[in-house]
Each structure stands twice: as structure tokens, then as C-alpha cells.
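Worksheet for the structure shown next.
Chain lettering (A, B, C, D and E) follows the sequence in which the chains are written, and residue indices restart at 1 in each chain.
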Amino acid sequence: MPAPLFWIFVIFMLFFGVMVVVNRSPVASAMSLVVCFLGLAALYISLDAFFLGVIQILVYAGAVMVLFLFIIMLLDLKAEQRRRFNLIAMFGGIVVVVLFVKVLVDVCYGFQGGNAVFPAISHNVGHGDTWQVGMALFQQYKLPLQMIGALVVVASVGAVLLSKRELK
Amino acid sequence: MSPILLELIVLALGLGLLLIESFADRLNRNIIAIIGIIGLACVFLLLQFGSFPASEVAGYTQDKAALFFKKFALITTIIVLIMSIDYSDTVRKFVHGITPQAGIGEFYSLPILTCAGLMWMASATDFVIIFISLELVTVSFYTLVAFTRRNPASLEAGAKYLILGALSTGFFVYGITWIYGITQNTNLTSIAKVLPSIPVSNQTGLLFGAMLVIVGLGFKVAAAPFQFWVPDVYQGAPTPITAFLSVGSKAAGFIVLLRVLEAFQSLPAIESKLSFAIVLLAAATLVYGNLAALPQTNFKRLLAYSSIGHAGYLLMAVASFGALDAGLAVVVYLAAYLLMTLLSFIVLIIVAKNSEGDDITHFNGLSKRSPFLAFSLLIAMASLAGVPLTAGFLGKFLVFKVAFESQQFLLIVVAIVTVGCGFYYYLKVVRAMYWQTTTGTQTAIPVSLLSTITIGALVVLIFLFGIFPQLGAGLLS
Amino acid sequence: MNVLVHLTYLGPLVAAILILFGFAPRRTAITGAVVGLISSLILFLGYDHAAGGYQFTSALALVPAWDLKFYVGVDGLNATMLFLTSLVALAAAWMSPRTEENLHRYMACVMAIAAGAAGAFASLDLFFFYAFHELALIPTFLMIGIWGSGNRQAAAWKITIYLSIGSIILLVGLIGLYLMVPDKDRTFDIVKLQAMAAHAVFTGPSANWVFLLMLFGFGTLVSLFPFHTWAPQAYAAAPVPVAMLHAGVLKKFGLYGLLRLTLPLMPEAAHNFTWLLLTLLVGNIIFVGLATINQKQLDLTLGYSSVMHMGYIFLGLATTNLIGVDGAALLMLAHGLSIAALFAISGELRKQTGTLDYRDLGGLAKSMPLLSFLFGLALYASIGLPGFANFASELLVFFGAFKTATPGAAFNGYQIATVCALWGLVISAVYMLRAYRSIFFGDRPSRWANVKDVTLGLGWPVVLLLAGLIVFGFAPQAVLQKIEPGMALFWK
Amino acid sequence: MNSAPWIILFSPLLAAAVIVIATQPFKKLSSYVSVAAVAVSLLFALTVFGSPDQDVSFNWIDLGVFQVRIGYLIDGFSKMMLLVVTGVGFLIHVYSIGYMHDDRGRSRYFAGLSLFMFSMLGIVLANNFIMMFIFWELVGVSSYILIGHWFERSSAADAANKALIVNRIGDFGFMLGILMVWSASGTVMFGELTSKWSTLGLGAGYATIAALMIFCGAVGKSAQFPLHVWLPDAMEGPTPVSALIHAATMVAAGVYMLARVYFLFAGSAAALAVVLWIGVFTSLLAALMATQQSDIKRVLAYSTLSQLGLMVSAVGLGVPVSALFHLFTHAFFKALLFLGAGSVIHSLHNEQNMWQMGGLQKKMPLTFWTFLIATLALSGCPPLAGFWSKDGIVAAAFEHNAAAGLVITVINFFTAFYMMRLFVVAFLGSARSEAAEHAHESPPVMAVPLVLLAIPSLIAGFPPVEHIFFPMAEEAGPSIPAMLVSVAVFIAGIGAGFVLYRGKNSDPVSIPLFANRFYIDQFYSVLVKWTQDALAGVAAFVDRWIIDGGLVRGLGGTTWGFGFALRFLQIGNLQAYAFLFGFGVVLLLYLILFAA
Amino acid sequence: MATLNDYLLASGLLFTVGFAGVLLRRNIIIIFMALELMLNAANLSLVGFSRFHTQAGLPDYNAQVLVFFIITVAAAEVAVGLAVIVALFRAKQTTHIENLNSLKF
């Protein structure tokens, strides 16, 4: 991906990421999150991960975020009132975050070879990346796949148990 | 027999029970628990007496440690189910339901699914499998912790566990990312092979990833400073689930931690830094868990702090990874920990049910109300404190031994102090049971047959492990 | 007849378990103690000192990889200690109350303590040697807390926490000892470890650390100054049988450990830290002795005095020559018997009067002639008068300490410590005689006019203990000849 | 091996054991058992007296590298002492039957007396230091038991404690001395030491200190200054006990021991000088104190002190045989004095104040006459026993150390003075109290021993008699000038006492310093208070508040407080947890990635 | 051309933003969203690495499978998490974490 486009999407993604955090209205936060994920999906596609880009939009921006919005609506959450800041917590949080960024930057730029352009890939293998991911999933990763099935069952049972008004 | 079958059987058992739960309305829910217990016991027997060829599935191993931890998970789940039967009245009280048995069946069957996750964790040597099984366990615990949702404490605990658990998952995943990014592998065996060829400039990133993985696992095993969820969640969660968390989840965390560290041993530069990190964690955990337990007045919370403290001793053994018997020390310690912690919780459930509370003062005069429970809890406390001729001592002994062997003198000094603290707070319970007189109700406490057998078996096992160290020494053979 | 050694601890242990399962508490306990006493007496008398070495041994291999086994057996030293243990255990069982709430629990605890002590002395394997000793920890905690007197709760806490920390330090020391052996020879077998000492296995800088750990670990258990403050209060608060067993027997475990393991295995380190040990033991004798003078209650006086007398045993150990070490071993026996007798008597006294405060008591010799006579004998023993085993052993300790000197030269550290120890005899006379005088002599306040004397039927265990002291006082050789072969292996 | 010494030694112990175990309830039987035992000892002592010297011992403790031996050494000294101890002892036992007739604790008394005989005979027979120390301690115990016989009396109980503790202080030095001697020579056997000690080539300092440490034992047992304070208080015991233990035998043990181990001192002038001047000083002090006492037994006690001082100074002068000779004669007349005093006290229903007596000449003639004999003997009236034995010391003093001789002469003057004072006030004049009015002679069982003791008081000093008992004494011709001085001093003392006190109802002379024993006891009680008790208080305080309170509890409390503080991290706020979690992550990353 | 490091940095910053959200926001739902940000940041890195580690001219699909799993797990987690939050809201009528403070010390 050409650099300008990359940077646009990155800034797009980060800006809405920040908006998730700073918006006082939960709905606005959720919407920002959706947009942020769109940017993220674009970045996936820029990395030739088309399948994941689509999944990202379908699952995340589509399903998960709708779930979020739905819950926010259901609970009728209002915008957070402006309250006095807990200065110590604020300060502490920011310090921790800044220090963490410092670590991240050090680590990222210490990565050898990361400054080179990505190696070229051949687009003419015949199967798209969806096929490739699928093959890996059902061959090499069939055990985790079964496990994730169990996980989803547990999650759905759990969600029902916890949110159903009256159990029977 | 294919090793993978075991988890599938457990999974099928759990799902089957869920089905029974939904379609057999009239069925006494305790039957579900009993079926679960019997089913798990069968799997345990299968595991004990069956033979398992080496696994052919990538990222899934069936070594001694894996087998041990599977048995460990099974026993834990069985005892948790037994506890749950005693606890079902409380669950009933705190669950919205139109029928009196609402939710009980799920309360019995979810732990079985969790158990499958724990068993997978025991065998996982690939970060993908580790991650998924870990999440399977975590997600089911989110549900279980918040299960008694008319109890605000339970919900609060659930929320805290959820947020902090997800936070730790975030770090864990990010750590995996970095490890993958640098080694181009998620399989621990392959990572171990690749590591020596990692250029020095990439070691920082690798270390960063490994540290974040340790952070995620540290959260699971309740290592300071990632232990803050533990007291609150333990206190708020339904007691059998607390027991499950404190035994099953922790043990699974330790096996994964051991496997990860084992993989990193092939690169000494990283390994030394990681073990230094573990030393720091161990010291902090020992100090935090044991010291903060000193002023506790709530027994359940006390057990939470004690659980942190024991994580400290376990980390001490992990930090001594170079020593001959370090793995054995962890295993023996966990086995002892299982016996004594579950014993404490099962007694706690019975006493709390009859005393309407789980403060230490509710144990006042227990020796009169139920000499059997009092004596059992006495044994549990003695074992937790590390009195010789109990299982807890054998664990502590091995931990100190491996720590000395790998010259972790800082940890030893800290541990000496914390063992002293441990005596204080465990004996506080003994004091309540034996010195104090009952403040509230004086009636004798009934104990169901199943619980009596379980308690008796645990007491006997605690002694057997303490008196015959070969039982512990043979755990990995 | 290898079952004999097992009987010494199994007697009390089985008794404790049976009592918990509902057998008649008192009778079962006494039966268990008698079984222990008979078997230990046979062991003691049957130990062939001409042949030497460990006899009556039996071993059950548990973990071959670590060379961990359940290994018991006796030489003169632990035969003596077993004899002491079972004698005091019997006395303690007898002196236990007859009517008490939860008597079965009480007796089970007493027997558990006795079993722990006996097991520790019988074991020739480090693991069980350590493990058995700790068996007493929880029963002691329970007994002081439930049936103690005075400030029982604080005392129970203190002794338990203190001893547990001491034990864990000791555990680390023992582990260090175990690990000092090269990898392939590692063993928990005390006999093998002792044999290794000849090959200078336990030397070098790490030996110093291990030595210190063991010294402070064992020292805490023995109430070595300044780690002694648990003892007086705990003994003052403890029920009589606990005080008897703990001060008389369990405390000797630490000394026994030093004598059996630390000193013979690490002579070099011991030599390096002689100065430390001498300084601390002078603290035991002089400092604690002086503090004893200031006590106003018999139980506290006895508690402090038992701390003080540990100094003499330490002096004997510190000499690391045959005379001093034999003296120390004999003194362990003698002190065990005498302090047990004293605590038994003070218990009876408290039972009759309800107080042990000197300011309340007086002139009781008139109402309690037998008790005062027995107390007198125990007191003489305690302050080391001839005719009692204490004297012979202290004598050996002093001679042992002077054995280290260059003839005609200025005093060395041992000798200075001995001077202090000799002065300690004056101090002990001062406080014991003051105690005796204020309780039994002088005017008798009218409220004690109807106090009943102890009968022989009740007090015979005390007579037995005192008889032991007198017998070994007149014939110390009976014990020394048993102990000596084991000691002569390491010391000259 | 001659078994007689063993029989002598153990028959009293057997008696004591029999009394304690079997005959306690039968008071009369107890007393007979005790008397019979001492009679047996006496008989065998007589046989031993004629037997040859021997040194026999067996191993009591044998460690291969070290032996403790028990044995006996029969030589001139011990033969003489055996006879004195068993002889005087026998008479006093007999006397006690009468004296203690009404006492409730008679069995206990006789058991104690028998135990004492055993211990004392052990000292006499001992052939080595350790054995001597063993019995040395045992006489202390038996003395303690007997002084405290009337334990209901606080004064008696205190006196008993004082005696034992002060003796222990002496024994502290004694044991140390023994250890020093052993350390230097490798043996504690008297026989070996006698020949070996001077050849060891020890430094003068070491030898002197060792000797002086041994001397400490004698200072305690023989009540020399500064450890003399227990003896006067010991008069709280029954009078026969005072006679036997605190006059005739036990207190003399120190002198006996010094004579036994004289070889230790022989080589050290400094040690001898210390011994001499301690003896002289004690003797003078005690004589002065005696002049102002009104308790009949106390006067005698101070006189005992004074005479013991003389004996000790004799050792210091280098004439141990003279010391023993004085010990020998002194045993008889001092026992007689005490028994006489006891007779009076018994008859006056435990009245001990001599100003409440008087006019006893008619009522108690036998007591009167025997007491007079003893008084004169003690005062040094020629040719009674005391004259001869004192004379030896005076002569030696003038020969070796004129200054000491002078002081001793003064002491002798005071001896005669206070004895006359006692005699005049207690026996002469008119009865000064109700009790004295109704006094009557004691029963025969008490009177006969008086008579039997009067005989040796009269004759024991004559040179032929001396020669029987002291064949080892070198034949020094009697020193005429010394004798003259002695006689003059005697007359002056007797005269002064008689003149000053005749017919007086109260003491015409009042010297509070003497009456209050130079305030030494008060000084000691203050000293003990400000040293031992103060130190004890400090130690207890430090133990309780600093070691236990500060260190132990402080550490415990700090740990607990730290735990308490840690709980405040656990404030229940999820965000705080997240923050701490993140902080932990960052901290750990910094430590591991960048610091380590 | 954007390099791997740029992607990594972008991912890291996104992770940090999420982390900051967890630390700074009080509404539990928003915190939960922030947690999703963190997981997605990890995904971005993984995809970047996947593209970087080409094998035979193809991206390393193993990493993409992992991303797939992470997305699934995250979805499951969201389901349970939101259920917990709903239950919590029903019980306490709030989603503010300050009100979750009955369990402490």
C-alpha cells in the first residue's frame, strides 16, 4: 500500500480509537469503535489479508458492535456526566500509558528487518487467501476449531444464563 | 486410545448434561451432578489405567505433566461438583427462576465444560491451543463467577473478573503476537528450536512478548502485581467456583507457565531474564499474599490471600527452574494445594450454610458444633501452613529444596518470613474453632454422606502425602 | 527386636488416635505412655555400648531417588533421649486433669506431643527427624490456647509463630546440609551423613551459612538468647503436661539436633562461630538469669530458669570435646527430668491455691509437707547440687570448657564463659531459693490453712522423675557409658 | 581396700534415706536411727584411727579421657577430723534427742543431721578436689535444711537462704579454682597434686589466683570476711545444729580444706598474705562485734567467727597444723558452749537474750560448770585446751609476722573479755526474768553430753594429747614469751569483762558500730539491691520491653502493619486495579527489558 | 511504502489507546470497548507479521488463523461480558465502576 494511504488509514483508525476513549456518550463511543474497525479492516486489506478484512467488518463492525449498541440502547445509558477528575488516577493512568508507549516504541523500532519493505507475494497461486485460511483451519487447526466450538457453546449458555430475566 | 478422546468425552458429558438439563424438567438436578461426578470419575479411571501413545497432533502433547494435570483437573472438578451439591441451596436463593431448580443444572454442567478446557490446557504446547483453551476456561468462569446474580457481590466479582481478565487476555495476545512475529512460530517446540538463531537485536522484542505472556499467565495464577482481582472475585463468587478458580485455573496457569519457560530455556540470554522476572513476581506474590492475609477476618477472603501466597511458593519453584526437581516441586505443591484448599472450601461451604456467613467468627466453637468438620479444617489449615506430616509440608519442603539448589536466597529469606505469617493467619481459624465459644447458633452441623466421604478422603490423602513422600515423588512417573 | 524403637513413638501416637476415636482418654493415654516407657527402657538398657554404633535399626525405603527412608534406630544418645521422653510423657499423662471438658482432646494432644518428640529422637532420617518434631506444634497451640492460664492466647501465638519460624529456618538449614553433599551421594540418612563428615564434605564457605541457619534454627527451638522470649510466657501459660513435655523434652530436640548433626558434621564452621555461640550462651546464663531473679511468679521463674539452663548445655556443646559434649548430653536428660518435675509440682500447687504469685503465697510447707519436700528436691536438682544428675553433668561441662585451655595461660573465651556460667549457679540459687522461701517458708496467710497436700497416689510421677535424677546423679556413668561410644566418634 | 571408711561415710546417708523413706512418721524411731548411724560411724572412725594411711579411689565417671574419682584419703588429718566429727557429732545427736523432744519436725531434723554427717565425713575423707566439692556443696544443703528447720519463722527462712547463697558465692570461686588447678595440672587428686604442683612451673600470677580461688571456698564455708555474714544469722537454727555445724565441724571444713591443700599456697607468698590478713581481719572484726551482742547464741557465733579467723590466719602464717590443732580443740569447747547455751535456752523456754537470764548458777549447776570450763578454755586459760592451741598460733604469728601477732593478741584479749561478759551476764547475778526464775537443769540426755564434752575441753590441748592426734606436728618447744603474753592477755580480758559487767542489768557500754556489726549486713543489702536486684530489674525490663516488646513484637507488629497497609491497595475499585495491573506491567517491563 | 515497523507502531499505539481507555474511563461498557481495541491491536500486529513472514511467496496463514480465532474468542467474550454487564445493570442500575466497591480490603 502506498505510504500516504497507509498513513491516512492509520490516522483514521487511531483518531476514532481515541474518540472511543474520550467520547462521553456511550453511543458515540460505540460508533467511533465501528469506524475505527473499518480503518483496521482497510489496513488488513492493505496487508493482503482480504479474508480477515472482510471478517473484521462482518463480525466486528457488524455483529459485535451492534451487540454493543443494542446493549447500550437496552440499558438506556446516558452520556457520562462530567465529574471532577480524580487527578491522581488521571495522572497515574497517563504516566503508565506514556511509559508503556515508550517501551512499545523502543521494542518496535528495535525489530530487525522491520524497516525493509514487505517481501513481495505472488498473487497467482490459484486459491485466494480465504481458501488458504480455510485449509489451515480445517487441517492443521482442527483441534482448536473444535475447542472454539466448545467455547462458543459455553459463551452462549453463559450469556443466556446471565441475561435471561427468569430462568426456568 | 487416542489421547484427544479424553477431552471430547468430557466435553460430550458436559453437553449431554446440558441437554438433560433442558429436556428433563422434573429430574432432580442433583442427579445431574451425580452423573457428572460419575462420568468424570470414569474418565479419571480411564486416564489412570489406560495407555496413551504419544500425541500426533501438533501443539498437543501427552507427556507426564499433561497427564498429571488432566487428572488434577478431573479431581478438582469432581470435588467442585460435590461442593456444588452442598451449595445448591445458596444458588437457588440467588438465581432468578420460575422453577425452584432453575439454573442448578447449568451450575453443575458448566464446570464440566470448564474441566475440558483445563484438560486441553494441560496438553497445549501451541500458543493457539493455549490461547483458546485458556479462553474457554476464562469465559466459562465469567459465567460461573457471576452465576448467583441476585447476589450483588457475585455480580461485582463477575464484572471485576471480566474486565481484568479481558485486560490480561489483551496483554497475553499481544505477547503471543510478538513471540510469533519474531520466531515465526506459535508452537512451543518449534519456538524452542528456532530461538537460538534469533539475532540479538530481536531479543528485546522477544523478551517483550514473553514478558507479556508471563503477565497474562501471572494474572491466571494470581501472581503479584496481577493479583488484585483475586480477593474480590474469590469473595464474591459462589464458593465452589472460588474453589475451582483457586485450584483449577491456577494449576492450569502454572502448567502453561512451565511449558512456556521450558521453551525459552533454549536461549539462555532470555531465559535468565525471564527467571529474574519470575523471581520478582514470586517475591512480590509471597509478600503480598501472606502479609495482606494477616489482618483478614473473612475466611473466604483469607483463602483468597492464601491462594496468592501459595502462588508465591509455586512461583518460587518455577523460578528455580534450573534445579533438578523444580517441575516435581510444582507438581507436588499443586497436588497438596488441591487437597488442602478444596478441603478448606468444602468445610467452608457446609459451615457457611449453617452459620449464615463466612467470616472467621462464624467458625467460632466449630469444634463443639461439629468435631469432624473442625478436625478436618484443622488438618487443612495445618497443611496449608506447612506443618510436617501433611501434604502441604512436602510441597513446601520441595519448594525450599529447589530454591536452595538454584540459590534463590532472596526468595528463601522472604519465604521464611511469609511461612511465619502463614502460621499466624491459618491458625486464626484454628483458634476460632477450638479456643472460642460459639457466638451465634449452637446447633450441631449436619454433613451429608457424600461430603463426609469426600472430606474424610481428603484428610486421609493429606496425611498420606505427608507421611509417604514417595506418593508425591512419584507423581510425575 | 526392631519393633521396640517403633513402639516408643507408636505407643503415644496410637493412644492419641484411639482417644480421638472414643477410647477412655486417661487410661488409654497412660497405657500408651507406659508402652513407650517400657520399650524405651528396654532400648536404653539393651543398648550394647561395647559394640557401639546404631542398634535396633530398621529402615523402610520410601524415595530411593532421594535416599529418603523411614529409618529408626538408637545409639546411646537417642536411647537416653527416648527414655527421657517416655518418662516425662508418662508423668505428664498422669498429671493431666481427670475431669476436664473435652478431656479426650486434651489427652490426645498430650500424647501427640509425646509421640512427636519420641519420633524425632528415634528417627535417623533427616526428613522424619524434622517432621516428627513439628507434630507437637499444633497440639501445643491448641492446648495453651484452650486450657492454658493467664495470658494464654498471647503466649500460644507467640510460641507457635516463633517456633514455626525457627523450624522453617532450620528446614532451610537442613536442606542446605542435604544439598552440600555431591549430587550422586545425596541422602537423608543421618548415619551416612555422619560418615561423610570424615571426608570433609561439609566444609567451605557454604558450610558457614548452613551452620548459622542450623544454629539459629535449632537455637530458636531451644530458646537460645536472644530468641528465647517465647519460652517463659508459653511455659507460664501452658497447661502442666504441655509445660512438662515442652520444657522437659521438646526443647531438647534442638540441642539433640546440634549434637547429632550440626556440630559433628561441621566442626570447621562450628569452630568459626564459637565466639558467637559463647556470647549468646552467656546471654542465656547471665542476662536471662538476672531477668529470672526479677520474676514474681513461680511459673515465670521456672520458664525463665529453663531458658537460662539451656546456656549450660550450649556451653557443653560449644566445647566440642568429649567431656563437655558428654556433659551436655547428660545435662539434657537431667534438665528434662528436673524441669518436668518442677512444672508438675507448680501445677499441683496452682491446682490447690489457684495462684503462683509469690506475694500471695507463703508458709505452705506446713500444709503441704510432701509437696514442699518434692519441690525442695527438684529445686536442689535444678540449681545443680550434688546427688542429682544435673550436678554431674554441669561438672563435666565446666571441665570440658577448661579442657580447651592451654595450661597456665590466660583465660580463653570458653573459660570466660565458664566463669559466667559458674556465677550463673549463684544466680540460679538466688531465684530458686527465693521462690522456695516465698512459697513454702515464712508466715502462712490464713487463707492457705486448709490447702490440701499432694498425695503419693497423685504425685508419684514426680517421685519417679526425681528418682531418675537421683539415680543418675549417683551413677551418671550409667548414662555416660551409653552415650560415650557415639560421641567418641567425633570428639576427643 | 579397707571398707571401714565407706561404712563411716555411708551409714549416716543410709540413716537419712531410711528416715525419709520409712520412718518419717515415727519421730522417736527416726532419732534412734540417726543416732545409731553416727554411733556406727564413730566406732569405725576409732578403728580407722589405728589403721595405716591409705589413698583409695574408684572411678565415678569415666569418659576414657577424663575420670572423676570418688575415694578416701586416710592420713593424720583425716583420722583426727573423723574422730572429731563423729565424736562431737555423736554427742550432739544424743543431746538433740532431748533438745528436740517436743519438735514436730523431729524426723526431718534427724534426717538433716544424718545427711550433714554424711556430707561432712565426705569432706574429711575426700582424696580429690571434685569429691571434696561434691560434699562441700552437700554440707551447704544440709546446713540450709537445718537452719531453716523452723521455716515458719521468716528470720529462719531468710537465714537459711542467706547461708546457702553466700556459700554458693564461695563455691563459685572454689569451683573456678578447682578448674584452674585441673587445667594447669591435669589432675584433681590431692596425692598427685602434692608432688606435682610445685613442679609445673606455672606463672606466679596463675598459681596465686588459682590458690586464692580455692581459698574463696574456704572464705564462704568458714565464714571469713567478706562472706562472713551468713554465720550469725545461721543461729536461727536449733541450737544443737549451731553447735555441730556452725561451730564445731562444718565451718571448720574451710580450715581443714586449706590445710589439706596447703601445697597450693606454699609456693605463693602473695596468696599466703591474703589468707593471713583475711583471717586476722575477720577475727578482729568478729571479736569486736561479739562484745556488743546480747543474744547468747550470737555472741557465740561471733566468737566462732573470730576463732575461725584465727585458724585461717594460722594457715596464712604457714602453720596449717596449728590451725588444725586449734580447730580440734575449738570443736570441743565451742560445741560445749553452744550445747550449754542450748541447755539454758531450752530451760528458759527459748529465751536467747542474755540480759533476760542471770542467777543460773544454783538452778543449773551442771550447765553452769561445764559452760565455765568451756568459757575458760576459749578464753585461753592455761592449761585448758584453748590455751595450748591458741598459743601455737600466737607464737607462729610473732615468729613470722609481728604485726599479725600483735593484732591476734588484741583479739585474744577481746575473746576473753566478751566470753567473760557473756558468762557473767547470763549465769551470775540474779534472775532478770520470769523464765530465768523458773529455770531448771536439763534432762540427763542433754546433760551427759555436756559433761562428756567438758573433758576434752579440759585436756585436749595438753602436748601428749596433741601428740596422739597430731603426730605430724613438728616438736617446737613452747615459746615462753608468747605464753606469758597470752596469759597476761587472758587475765586482762577476763578481768575487764568481770569488772565491767558484774551485777549489771543492762549493757554499760554501747558502741552501735559493733552492735550493728559494722553495718556490713546493711551495706550488703544495699549492695545487693543496687547491683543484683537493679541488674535483674534492668534485665527483666530489657527482656520484656526491648527484646520481646521491641524486637519480637515490634517485628511482628511491623509485619502485621505492613500487611494492613497492603490491604489498602485492595480498595475494591476496578480502575485502581487496572491501574495497578498496568503499573505492574510497566514496572516489570522496565526492570526486565532495560534494567536487568 | 509502509514498513512492518510502521504497522507495528500503529498497532502498538492502538493497543495503548485501548489500554488508556481501560485506565481512564469509568463506564464499564466503554472499558469493555477499549479492551476490544487492545485485542484488535494485537490482531493488526499479527496480520503485519503474517505478511512479513512470507513462505513460498505467500503470507503465513497460520497467523491469520490465529487472528480468526482471536476474533471469535473476542466475540464470545463480548457476548458473555455484555451479559454480565446487563445483569449488573439490572441489579445495580449502573454501569459505573465506582459503584462496584462492596468487595474490598
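A few comments on the model shown:
Definition applied: a residue touches a chain if its C-beta (ideal position, glycine included) is under 8 Å from a C-beta of that chain, and two chains touch if they have at least 3 such contacts.
Only a predicted model underlies this, so the values are computations on that prediction, with no experimental measurement involved.
Chains that touch both chain B and chain C: D.
The chains that touch chain C as well as chain D are B. Looking at contacts between chains, the pair that accounts for the most C-beta pairs is A-E. With centres taken as mean Cα positions, chain E sits 64 Å from chain C. Once the centre of each chain is set as its mean CA position, chain D and chain E turn out to be 95 Å apart. The geometric centre of chain B is 76 Å away from that of chain D, both derived from CA atoms. Taking the mean of the C-alpha atoms as each chain's centre, chain A and chain C sit 70 Å apart.
The set of chain C residues touching two or more other chains comprises 161. Contacts with at least two other chains are made by residues 567, 570, 572, 574-576, 578-579, 582-583, 585, 589, 593 of chain D. Each of the following residues of chain A touches two or more other chains: 89, 92-93, 96-97, 100, 103, 106-108, 111, 140-141, 144, 148, 151, 154-155, 158-159, 161-162. Shown are all chain pairs that touch, namely A-B, A-D, A-E, B-C, B-D, B-E, C-D, D-E.
Every residue of chain C that touches chain D in the complex is listed here, in rising order: 158, 161-162, 226, 229-230, 287-295, 322-323, 326, 363, 365-366, 380, 385-387, 391-392, 395-396, 398-399, 402-403, 405, 407-409, 415, 418-419, 422-423, 425-426, 429-430, 433-434, 437, 440-444, 476-477, 480-481, 484, 488, 492.
Across the interface of their complex, chain E is touched by residues 127-128, 131-132, 135, 138-139, 142-143, 146, 149-150, 152-153, 155-160, 162-163, 166-167, 169-171, 173-174, 176-178, 180-181, 184, 186, 231-233, 235-236 of chain B.
Chain contact summary for the complex, chain C toward chain B: residues 20, 62-63, 65-66, 68, 102, 105, 127, 130-135, 137-138, 141-142, 145-146, 153, 157, 160-161, 164-165, 168-169, 171-172, 175-176, 178-179. In the complex of the two chains, the chain D residues touching chain E come out as 567-568, 570-575, 578-579, 582. The touching residues of chain B, when paired with chain A in their complex, are 4, 8, 11, 15, 18, 57-60, 95-99, 102-103, 106, 110, 113-114, 116-117, 120, 128-129, 132-133, 135-136, 139-140, 142-143, 146-147, 149, 158, 178, 181-182, 199, 201-202, 204-205, 208.
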